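Both complexes shown next keep subunit A, but they swap its partner, so subunit B is in the first and subunit C is in the second.
After this line comes the complex of A and B, so read on.
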């Protein structure tokens, strides 16, 4: 690492500060090629068109986007299949992100109150579960929620299912799609999908909230306590206002991350309630094989994410930055 | 109040552990199906995963190769990037670092689709080395962050002192910066390693079914249902993650790396 930049304190070996050094030029080339070009390709291909026979060609047509919003046969007929999928992408991601942040917040707060050693141990635990592949997590929840050996079996064996039927709540569960004619079931259901998705990002939520909560000025908390404020009052009037910004920020970050969830949705969501990530895959690699249309859907997913990040920022800015 | 706090944390840990414990226990099943509690417990699934079944053995080898290769590559790219950012602190370096972190921040499926097209055009689709590069780019943000955190802790007065005593920047780098940066570099490497090891969706598009990593192999077998042999994979992965992050915690200050306030102890 002997490539050198000039600073006032050290002998000048690269005196032309204004011109970027060769090292920086190489870095620019690398980053642009690998980090920017792939996204550019997705955007460019989204304007291409499919040729019958599983290939596509470059073009500049808005057809793919038109198909996304109103269907291929428009104006004869109009379908909202893909808009519907986008809706489910957003719906699952919002709920899962909210659940994760709401439950992770008290946990992260308590975590920062522990000794440094204990914090370190919890962080190892959180990082290990955070990095755990989605396929394993889905596998675990699949066993836990499966009809044969999971929660439905436990409910059946312990008589809860029978009791639910007696009380008449079983009909309500069926209406919610959480029961088949005989048993409680979670596969496939929205509950299982959202549950797995929020499990997926829960450790992320703790780790994202951790810095802000850890830097919280404890003296203000103590001052409030000495003045006779109870723990809940302290939470509401001191802690929450201070960390509102990172709290909102975390929800939006997790939301964008969850927009593209693939495995959980394929396994747990009902075919009629699947998301855009699934149809992106189907178009690019799977059964329908229409790369330009897949790319267009990916672009829409990306724009949705970017829009939400922007919205979150303005929202935070509008409410004003707390001290 | 304190008891309630501990209860809440304990409960959260139990929920987090629940699916992991269930998967791990399922690996002991003697039969072909994933039952909990395990039926007819046996350890032969471990032998199948690591030794006798070539599908899993190859997948494991690919996972390790890609994770190690991409993490090393990510560190190699992140170092000059973080160093340039630290030394120059200019707008250009900031934009560059932002672009480098972009693939990690956006939904991975979009980046996966993009890389699929990218390697399709450049002719590397389905090769192991393109998988390595893809993951290196995806996880570039991790060593970038850990190395930047480390560089911020270096006392610039030491560099000035070295310069006054006639040390060239190369010498200063070797004697002052490099030794202090070792734990941060290692942390960045291990973060990238573990996340690459577990990554699924980008590899899914980039591998183009030409080779499989463990996570891909598990997903491919998903249609036929889970088997206890896959659960062995899950146990292995969890063990690797715990070992690696424990190592990171031992190497350096994990709370600081995660952004905790440094003044408290």
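After this line comes the complex of A and C, so read on.
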């Protein structure tokens, strides 16, 4: 008995160091099952071959990637359709993330100045709004921007539309696609798309900025004020530099989140300004059953997103060092 | 042998009756002895109406119970059935396919079993177009059809246009129309019927480019390129658009609810689409399936579907007891027959040409 006890006691240390703990094994199994395998599948499918008039089959072809840049009919004709969509994916995500952070920042800053009780009420409210799904939010904005029930109705009933027609600005709105001959219209428009997208992530922006702003040492602000700095100077030279990193981080996070926005774009964007997310969905679930091309587009979107983040980080790091 | 045991008769009728209820309401598995059939249809209002009106009538007429199977649509279901056939166990004996999916299935091969027309006398009521045959025989029989029609909001448009061509008039329709965004939703068929030679124009790439370029001219007048039915429904109700293309049956329902919507057949007509019943190649219920398809092709059943589901009958109105009003609510003339073959043979080119027209300025 004692001999057995001895031998089991001695090497006990060694295996635990060599073998990962069960917890780590479970973690790795989860990562592999839910991240590596699905991504590997998407990558593998992206090299598949479409069969005209039917579905697709496993293969190893670069056609889907080539098609992304020049179109399926190349070299007879060339289309920039998918590059155009990639551009709008990035454009919307950047603009909407910036708008959300720029408007959420003053709000979050003022929020930290409120009493504890008021702060927690606001935070609970914001957390609650996060439970609203994209579909729900888009439905709401759809009603708010509709001709009979929303903003166009308000503008018509208050006489603003008639006034716009009188002064001649209405023609300009028609030119911009923001009016039909009768009323102003926001569906479909870039205004509505970007508005809804930034609205979608606005609570996230506040929640992400709040911790950094609430940890801000108020004595530095007060010191700057007593030395004669105006509120704007304080904001520019004290507050903003302190929260620069969380601020940039929030923009990045929202950017990534917004890259895949689907519902807002399908409902509010004109087809000439739609994103790659729509194109991926149409390829995979649409009647052509072209999963390989959908997968190739998804891979390109992912790579572009990663490149944007890397570029953003490099830029921030470079501008950050002298300061 | 001819002696009928009263008890067993009672038992079997009771079980059939009970099964009909269970099968149609709950979709429970059925006992092997009774005759049964698993029938697929598009989920939602459509399938519910089948379960409430059509299947019970079939069970009453034949004693065969129906287990309803939910199909998301035609194309996804085709993929499901393809995989299931390979695995040797299909979820439905009969599936409902649109004509393009039916042709796709025929080309993939090994998915559908040929049907015996001599066992389905009632199918003779249907036009030959709705009985689809390939090299293996009759593989699809029309179930019901529906139109995508020209719609206008009567608050804004007094008299509906005589022709689809009127929609190209920017004086009247600038930024005011709702048209489907999907390349195969038959808008190109409308363009072909209005300005070109119909289906023939789809035969060449040049023809397709010409169709798409004609559609491009409608861009300034289109306020909404819709992809989901609900988008168009909301927009035309709200006056965001004052006209466009939409489903005839749903428009009629909206008009019946008091919305100022008129579904109209202009002189070129409206595209007619239809669904077909198809028997799985590995189903062992061929006899039951044929009885079902025979029942479905009966003018009385076609009329029942028109009244209860709002689909257009595939038999002449004169064969049914539908009144002129009832018929007008679900159908009209002329009908534009979509260029299904071209949409399949040349799907990548048509889709990309169409998407490029819409997706780049």
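Note that the second predicted complex is superposed on the first by the 297 of 323 C-alpha atoms of A that agree within 3 Å, B and C clash if a C-alpha of one lies under 4 Å from a C-alpha of the other, contacts with A are read in each partner's own complex, and residues count from 1 in each chain.
Please note the rule applied: contacts are C-beta pairs under 8 Å (C-beta built on N, C-alpha and C of every residue); 3 or more make two chains touch, one makes a residue touch a chain.
What you see is a predicted model; the values in this text were computed from it and never measured.
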item: Touching partner for A:158 - first (subunit B), second (subunit C), both, neither; value: neither
item: Comparison of subunit B and subunit C by subunit A residues contacted; value: B
item: Partner chain in contact with A:214 - subunit B first, subunit C second, else both or neither; value: first
item: Subunit B versus subunit C as contact partner of A:267, first or second or both or neither; value: both
item: Subunit B versus subunit C as contact partner of A:185, first or second or both or neither; value: second
item: Touching partner for A:38 - first (subunit B), second (subunit C), both, neither; value: first
item: Partner chain(s) touched by A:174 [first = subunit B, second = subunit C, both, neither]; value: second
item: Touched partner set for A:119, first subunit B, second subunit C, both or neither; value: first
item: Which superposed partner A:61 touches (first subunit B, second subunit C, both, neither); value: neither
item: Partner chain(s) touched by A:79 [first = subunit B, second = subunit C, both, neither]; value: second
item: Intersection of the subunit A residues that touch subunit B with those that touch subunit C; value: 142, 148-149, 267, 285
item: Complex contacts: residues of subunit A adjacent to subunit C; value: 50, 52-55, 71-73, 79-81, 84-85, 142, 146-149, 174, 177, 179-183, 185, 187-188, 266-267, 270-272, 274, 279, 285-290
item: Residues of subunit A touching subunit B in the complex; value: 1-5, 7, 9-11, 13, 20, 23-24, 27-28, 30-32, 34-42, 45, 103, 106-107, 110-113, 116, 119-121, 123-125, 127-129, 131-137, 139-144, 148-150, 199, 202-203, 207, 210-211, 214-215, 231, 253, 256-257, 259-260, 262-263, 267, 277, 280-281, 284-285, 291, 294-295, 298-299, 301-302, 305
item: Subunit C to subunit A touching residues, read off their complex; value: 75-76, 78-79, 82, 100, 103-104, 107-108, 156, 174-176, 181-182, 184, 223-225, 227-228, 231, 234-235, 237-240, 344-349, 351-353, 355-356, 358-361
item: Residue ranges of subunit B in contact with subunit A within the complex; value: 1, 5, 8-9, 12-13, 15-16, 18-20, 22-23, 26, 34-36, 77, 79-81, 83-84, 87-88, 92-93, 96, 99-100, 102-103, 105-111, 113-118, 121, 133, 137, 140, 156, 159-160, 163, 168-170, 172-173, 178, 194-195, 197-201, 204-205, 215, 218-219, 222, 226, 230-231, 233-234, 237-238, 241-242, 245-246, 248-249, 254-255, 258-261, 264-265
